[in-house]
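Letters A, B and C name the chains as they come in the text, with residue numbers starting at 1 for each one.
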């Protein structure tokens, strides 16, 4: 009897240890990655990184300023088109969405959410680059919007559904028309949540690389227009990383540091909004 | 009987138009993929999926090496990720002291926020050299007679892709597993404990009864992620359109070949073959996500009925 | 006209489930009418029929007439939005708009109901409404506070002020005090009495004493039927129906 009890207790201890160890192993890479980012990224992290154009190989200095502007332009375009569409569709699903049509839309949203981002790149290419015969910020924005929209539709729907029915009733009982109730009362009540969703989706698309490869293409110089190939930080990080030059590798790390900084700042902003909501 | 105020009707219609727009985008995506694949489908038919040749010069295309690489690297990733993710989920939900729960799950979620190009960068310069020198070289030296571990060792390889992918998909499997674990009724857990079971016995019994389907669902969801992951894989898999049995050898994946060759694809057939690979990838991930959702929904429904 | 509302043979269904059966009653102008009855007998359903709050409930259906100012509110020609501006409602749980200040909460009905108003006019109406709701003195220096940060009783009075601000003729109240403490309840009761000079009030209540204190008329419902309706004094001292008496004396439900 004694020894059975002992074995059981020992098994308990050992498994506990293993579970704790697995959690440790899971978060270990996070520390390693951030350590390397800071360590290796700091070497090239100077003001000129944020203000200068890239320099050719061997020439020291140079920055990713055009990539920063390009990333912001592409993400801005994607969001300018994506937000109205996604929020309105989310309103539809939350406020009116019963029946077959709404189920079809929800299914489409789920499907789009799961599509690998590289395929959204093909979408932008076929939709825009092929007919226009040139790579462009527009094509890249179309690709990113395809990633952005389904995320925001879903969060908008979910956030609107957290608004209690009593709020809608109170507004209707005041003789406020339904569309005004939805737009100026229900949506307003859920604004913090919707903004959080938008920011998280933005953080996601800012770091996307694959959809830009054959839409934005990349550019060594400042963009001359939205219908031209355009630089983006993730593309620069990728191209520097796979290049054979050491000083470019350093630039890849520095670019990655800037990129993760932007992503974390935006996600942090999203968290701030969530806090306000509570 | 409804608000028949014309402005209300107009507003509803307006939102419906945007909702339709989203539906339309999904259909458009699929339609464009199919349309652009037609030349390749016409030319190669079903053989495309089982042919090993990938010869852009002779315009002879088969997707097998890429399908193989995608499946094998994803499988390796699951092999590593599932035990770690489920183990951590159990740790966080069941064992971790209160003050540790939030930080650990926050950090795990942070892994999901890192852009994949950064994983790739880290993979090239940190993970691959470490794996090569500390794991693959010794293993190939001593265990090289096993075909799975045969050299020569370059570094970029199926294994490297699998390991990197596993880090990337863990957060997803972890968070779904935690939700699955949380559906177990407290009463059940307490019942086992009150019968004198240890904590581990409780978990084994409860998970055995309740959570296996849910964890399977989480796994399939992770698979859906792994299959379509592009940049990180492209940067460490080696990009060789051949099939090697050894996981130390380079490979190629569907997403990676699209990423690498799309801008070079000059011929119409070449481009079409790449888009068809995209179409196949779309369908595979679609099925995986659908399956995951189906499994998880059944699970939730069962939990709702108190089973 | 002395009746603000006339209900004729009103029936209501949720799906196949009939909740109200041939209700006929007149509601006097500038009086307080209490609706009483055991839980689930259809009181809420009934008063929500009086301003068409059920319009958006799927599966809900009514038959019969409800006349307001002599016109059937369920006729094609009536815009429910305009109707609700005339027949306001206060709910059981105080439900101020969560992300609006107290001021905005009261002003919101005016802001969105079409007519343009200056800031000064708006402020004036808000003050008037808050005064009527006996909240002005407590709140005049805190109008910027979020409505949801007030106490439960204050929130309910804020909701009353919000309803009054759109200048309704009828005020429907569904158990307005059931979520409140006795002090706040007393305040609201006092308020109801004051308001009854100018407004027609229909109030659902479970509380016998309360009904006795505030009402001019009492309607007693049971399982979707209107058992009887009469002057409050009559109902409480000498009800015509045995079931009413049983309910009032507490031998019931």
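Criterion: a residue touches a chain if its C-beta (ideal position, glycine included) is under 8 Å from a C-beta of that chain, and two chains touch if they have at least 3 such contacts.
In this text the structure is predicted, and so the values were computed from the model without any measurement.
Distance from per-chain Cα centroids to the pooled protein Cα centroid is smallest for A. Chain centres here are means of the Cα atoms, and by that rule the chain farthest away from chain C is B.
Note: centroid distance chain A to chain C, computed from Cα atoms, is 48 Å. The mean-CA centres of chain A and chain B are about 18 angstrom from one another, to the nearest whole unit. Computed from the mean C-alpha positions, the centre of chain B lies at a distance of 56 Å from the centre of chain C. Chain A has residues 177-178 in contact with two or more other chains.
With touch defined as above, residues shared between interfaces to two or more other chains in chain C number as follows: 56, 81.
Of all residues in chain B, those that touch two or more other chains are 3, 5. Interface of chain A with chain B (complex): residues 8-9, 11-12, 15-16, 18-23, 25-27, 29-30, 32-33, 36-37, 40, 84-86, 88-89, 91-93, 95-97, 101-102, 104-105, 108-112, 114-123, 125-127, 146, 149-150, 153, 177-179, 182-183, 203, 206-210, 213-214, 217, 234, 237-238, 241-242, 249, 252-253, 256, 259-260, 263-264, 267. Looking at the complex, you find that chain B touches chain A at residues 3, 5, 7-8, 10-12, 14-23, 25-29, 32-33, 35-36, 83-85, 87-88, 90-92, 94-96, 104, 107-108, 110-111, 113-122, 124-126, 167, 170, 174, 198-201, 203, 224, 227-231, 235, 255, 258-259, 262-263, 275, 278, 281-282, 285-286, 288-289, 293. Listed in rising order, the residues of chain A touching chain C in the complex are 98, 164, 166-167, 169-178, 180, 184-185, 188-189, 191-192.
Listing the residues of chain C that touch chain A in their complex gives 51, 53, 56, 58, 81-86, 88-89, 91, 93, 95-100, 108-109, 112-113, 159, 162-163, 166.
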